[in-house]
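For reference, the structure discussed in these notes is given below.
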Amino acid sequence: MNLSVRMVVVLTAVGLISGGLLSVVNLLTAERIELNRLKEIEDAITQVVPGTVSSQKLYEEDKFTVYASKDASGQELGYAVYASGTGFQDIIVLMFGTDPAIETINSLTILEQKETPGLGAKITDQQAFLRYWKGKDIRQPLTLRKPAVGSPEELGATEVNTITGATISSDKVMGVVNLSLERLRQIKQEGKLASGDGHVN
Amino acid sequence: MSTKSLSAEYLKGLWDENPVFRQLLGMCPVLAVTNAVINGIAMGLAASFVLILSSVVVASIKKLIPTQVRIASYIVVIATFVTVADRFMAAYFPPISKALGPYIPLIVVNCIILGRQEAFSSRNSVGRSFIDALGMSTGFVLALLVLSSIREILGAGTFLGMQVMGSWFKPWIIMILPAGAFITLGILLGIALLVEQKTRERRAS
Amino acid sequence: MQKKTFHHGIHPPEHKHFTETKKLEPLPAPDKVFIPLHQHFGAPAKPLVKKGDEVLLGQKIGKSPVLFSASVHSSVSGKVLSVDGYAHPLGKPVTTVTVSNDGEDRLAPETQGHENPFSLSAEDIRARVKEAGIVGLGGAAFPAAVKLNPPKDKAVDTVIINGCECEPMLTADHRIMLEYPDDVIQGAELVRIATGAQRIIVGIEDNKLDVYKQLRQRDYAFPVEISLLKTKYPQGAEKNLIAALLKREVPRGGLPFDVGVVVQNVGTAKAVWDAVAHGKPLYERALTVSGSGIAEPKNLMVRIGTPFQAVIDHCGGLKEQSNLVVMGGPMMGLTQWTTQVPVIKGTSGILVWSEEKPAREYNCIGCARCVGHCPMGLVPTQLMKFIKYDALADAESAGILDCVECGSCQYSCPARIPLVHWLRLGKNKIISEKRKKSA
Amino acid sequence: MTDTGFLLRSSPHLKARDSVPKIMYAVVISLMPAMAASFYFFRLKALAVYLICLAGCLATEAVFLRVRKKPMSSLWDGSAVITALLLAMTLPPDLSWDIVLIGSVIAIALGKQVFGGLGNNIFNPALVGRAFLQVAFPVAMTTWSPPATLVIDTVTYATPLGNLKFQGALAQGTLTPLSDLFWGNTGGCLGETSSLALLLGAAFLLFRKTIDWRIPAGAILALGAFTGIFWLTSPQEYASPLFHFLAGGFILGAFFMAPDMVTSPITPTGAWIYASGIGLMVGLIRLFGGFPEGVMFSILFMNTFVPIINRYTRPRILGQRRGT
């Protein structure tokens, strides 16, 4: 066989076998991988809006997604907002939940971050940071309390404690949340949050 | 063609030709994913999977492949197995898959794997290639294990997520950062050289 | 008044007080003199006498075979005992004429002076200087006649008379200027005539103010300028002295000729006068015997070929614990393993002292003192490392061949690294490699 | 002729009196005022940190000397003592003893001995130790307590630069007064608070010519120019150059760490480049970086360039034509 013909044949054969094998693997795994992804978001929604039984994607744009979360009776419990922004070192991806009137924040969870371990990475820490967000009044923009105070009672209604030694990371999270809230209200006013027509997970 | 005994073929990967400590190959995953033992083991197993299967496949089809396209063929074979490993991990071990991030796909360009195909599998029998790949894999896993154990124990006070240091221990956060990877690897390479030098001296005398 | 000087350099303790007030006194010629036929920069002289010959004081016993060489003369009258290898202060044994002194100092007939030396032509002066075997008496022993003969394309405008004597402990030049000022200045005038220069500058460091004042007070029939310099080492190094006095820089690898200058030491100037006016060949020189190992430090006029031991004995002998004998100054002098070596034309001093075990060497800590003190603008510690790791090309491009081995770097090095030793080693390696390539 | 027992060696035969240990101990002496100030402001806490650093550094040095079969006299050449003192001065007063000890071991082992000991290290050993601690224990390394001379009932206390960067002290008018910075009546690392004490020691070093004056001068000029431009354009937003000189570790760094002979350039031009690099970096980090203070990183950063700076800033050789 001519050399160049042989080269083409061999490479084609190798490529074909490889492609075939990969499509089989894809068939076997694709569904599971998608399920994993959805489960992650679902878990997060359940976490930020307690009592969620089902959720529904209401609105999506770049790096900003709003889900409606409902209880067993189909009653709307509030919104879960998936958002991201630049942190101290890399992108911070988070999710937080609000009541249907967008007046109080339910809870906040950090999905992805690469902040300095031991310092900025404390944004994922319940004790040091996340617990201060529960039930804050979001009719006004939230603010950070610097330097941090000892107990949650000392904080004002719209104040969140800073992480000691990680002012910047705390600040970045605060920025993402405030911006997202503003956007959330805006699209709600524009009537884009009408539920019922989205896809039910 | 290698003429070593099969046991020697396997054992060389552990120390004499250890891919990490002696050949300084595959440094990217070694430095990037050894911040926790579980990540190190996962990466080691994934790479071993790819290395062993690629070696066997390459050794069995070596006669069919024209020299001019051999690298391209090897890469396709390697990339296939890497993708298999990647998808499998994403489907069944999502947290580890997330932690390892892009480093699983990057196994494609790991010099250990392509290096073994080019240096060994393309000129040795299937069985011998399998043994060689097994040895190299063991050496690679061991290296990752050592590195990630040191880093996890010092950097987090845990081993495989279990607390091993007392409550007095303050984690050395630098150890789970990239800087800690370089420092640990540097010290381990220094020790490896020292051991090698001492053995050579002992053999010479 | 503005005192001139050059950049960098050091100021080591001078230790000149031992001898600076002591008059030059002639050392009686010893019973035997050992006159090496190689005492200068260049090729060795060819012997003109053989064992058993009678020689007279000032008689030529070694003839210079080429331009870069110098003749050698007998420093006593008497009988040649041998012409053979003998210990030499520069290290290796050298063919040496041993003469037993008959004590009569019978003068050789050819030592004829000239009544009006200033009327002589440049050619005649050079011939007489060459005939007298004069070399630079500062220490390098460069044949003086070569320096008096500038190449046709390089016009010399200035003669510098080097009266710095920047080496610590040495005072012989100081005494010559104090005791023989006319000889020095007249000798300088002969040098000026021989080189066709317009003016003479005498450079004197401010630790010899007595000389400076004395020379300033005199009237001169020729264009002489007496210049005061700030005391600093190595001001007596030609290139630094030219930079200090004239702000001219001799190009790298070049000679003072390249900037229109000829530099002669004060002792050389006096020797030129003695040779041209009195027909006296260079068979004796002034030197300083000093150091804590010498009982009575002195400045002496010593016949060439006198063993160090005879000189030291005249100064009360060695003190017992002395373990260091140096020919030349303490900064650039050479240690001697025996006191049997003879005084040669380049012996500016004999220094003896005792030294304890040297302090240990440390790694270079990068204090940069060697850089701050190098009068040539080199980076000695970097050069040292290049040589240590055999990076000869790097060393050469960093200027190692410009090193004059003055020792300022090593003097100031707190880590006590033998920098001069390393640099010398590097220079030798580079030069011998070059020779190999050209051969 | 027999051996006469005279020494044979190459010239020169005279030696200046300064030696490596003398230089090192001069630096130790120059650190005394700042040490005294830290004892005054932080009391026994300071003493403990100094003692642990000394013990850790000297012990590590001794182990390495023994293993590498080097003369034990090197232990007392003063370099390890300087490393210990400088490291201690850059640590927060409340740091616990085990962290201090780790820092001392790292400083000598990874900062100095792995490179081959005194003279061969690329980075300032004390700063290597500190950098390691800073990254390894970020919380402990940024937790400050007020000096014993200030009566405040808070546990934690921000440094003047921390105040400036994170608390908006300039806008609120709560910037630490210059006089406190000068005397040292403020929070911060052990040895950096009292500018007066540091400057006394620095004056001694400059007078003795132990350090190259160009390095502090260059760093001060560069930091002054950089912060000065911003201050002049917008004084409500940026602190004055004088504040930047006196606050944080700048004086300690510019006079005692940057001029470390081993890790600074040996050529005069090189010294200017190196020093202005440090000054600029400090300014950049303080004004626009993520950290309130940047002296340590700036010095370590410029340390890396020293070999190449030395190579390309050789002085002009006498007789060399300009530009060749």
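Labels A, B, C and D are assigned to the chains in the order they are written; within every chain, residues are numbered from 1.
Everything that follows uses one rule, which is that a contact is a pair of C-beta atoms (placed from the backbone, for glycine too) under 8 Å apart; a residue touches a chain by one contact, two chains touch by 3 or more.
Keep in mind the model is a prediction, meaning the values are calculated, not measured.
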So using the touch definition from the top, which pair is joined by more C-beta contacts, A-B or C-D?
C-D
Report, in whole Å, the distance between the mean C-alpha point of chain B and the mean C-alpha point of chain C.
70
Gap in Å, rounded to a whole number, between the CA centres of chain B and chain A:
34
For chain C and chain D, what's the span in angstrom between their mean Cα positions?
48
Between chain A and chain C, what is the separation of their C-alpha centroids in Å?
87
Taking each residue of chain B in turn, which ones touch at least two of the other chains?
173, 177
Where chain C touches two or more other chains simultaneously, the residues are none
Per-residue multi-chain contacts in chain A, two or more chains
116, 118
All pairs of touching chains, each written as two labels joined by a dash:
A-B, A-D, B-D, C-D
Inside the complex, what are the residues of chain A that reach chain B?
3, 6-7, 10-11, 14-15, 18, 21-22, 25-26, 28-29, 32-33, 36, 40, 116-118
The chain B residues in contact with chain A across the complex are 61, 64-66, 68-69, 72-73, 76-77, 79-80, 83-84, 87-88, 90-92, 94, 155, 171, 173, 176-177
Of chain C, residues touching chain D in the complex:
7, 10, 12-13, 87, 168, 239-240, 243, 249-252, 254, 323-326, 328, 330-340, 351, 355, 359-360, 362-369, 371-372, 375-379, 381-382, 398-399, 402, 405-407, 410-416, 418, 420-421, 424
Could you list, by residue number, the parts of chain D that touch chain A in their complex?
137-139, 142-143, 156, 158, 166-167, 290
Which bits of chain D are touching chain C when the two form their complex?
1, 3-16, 18-20, 22-23, 71, 73-74, 77, 79, 116-120, 212, 261-268, 310, 314-321
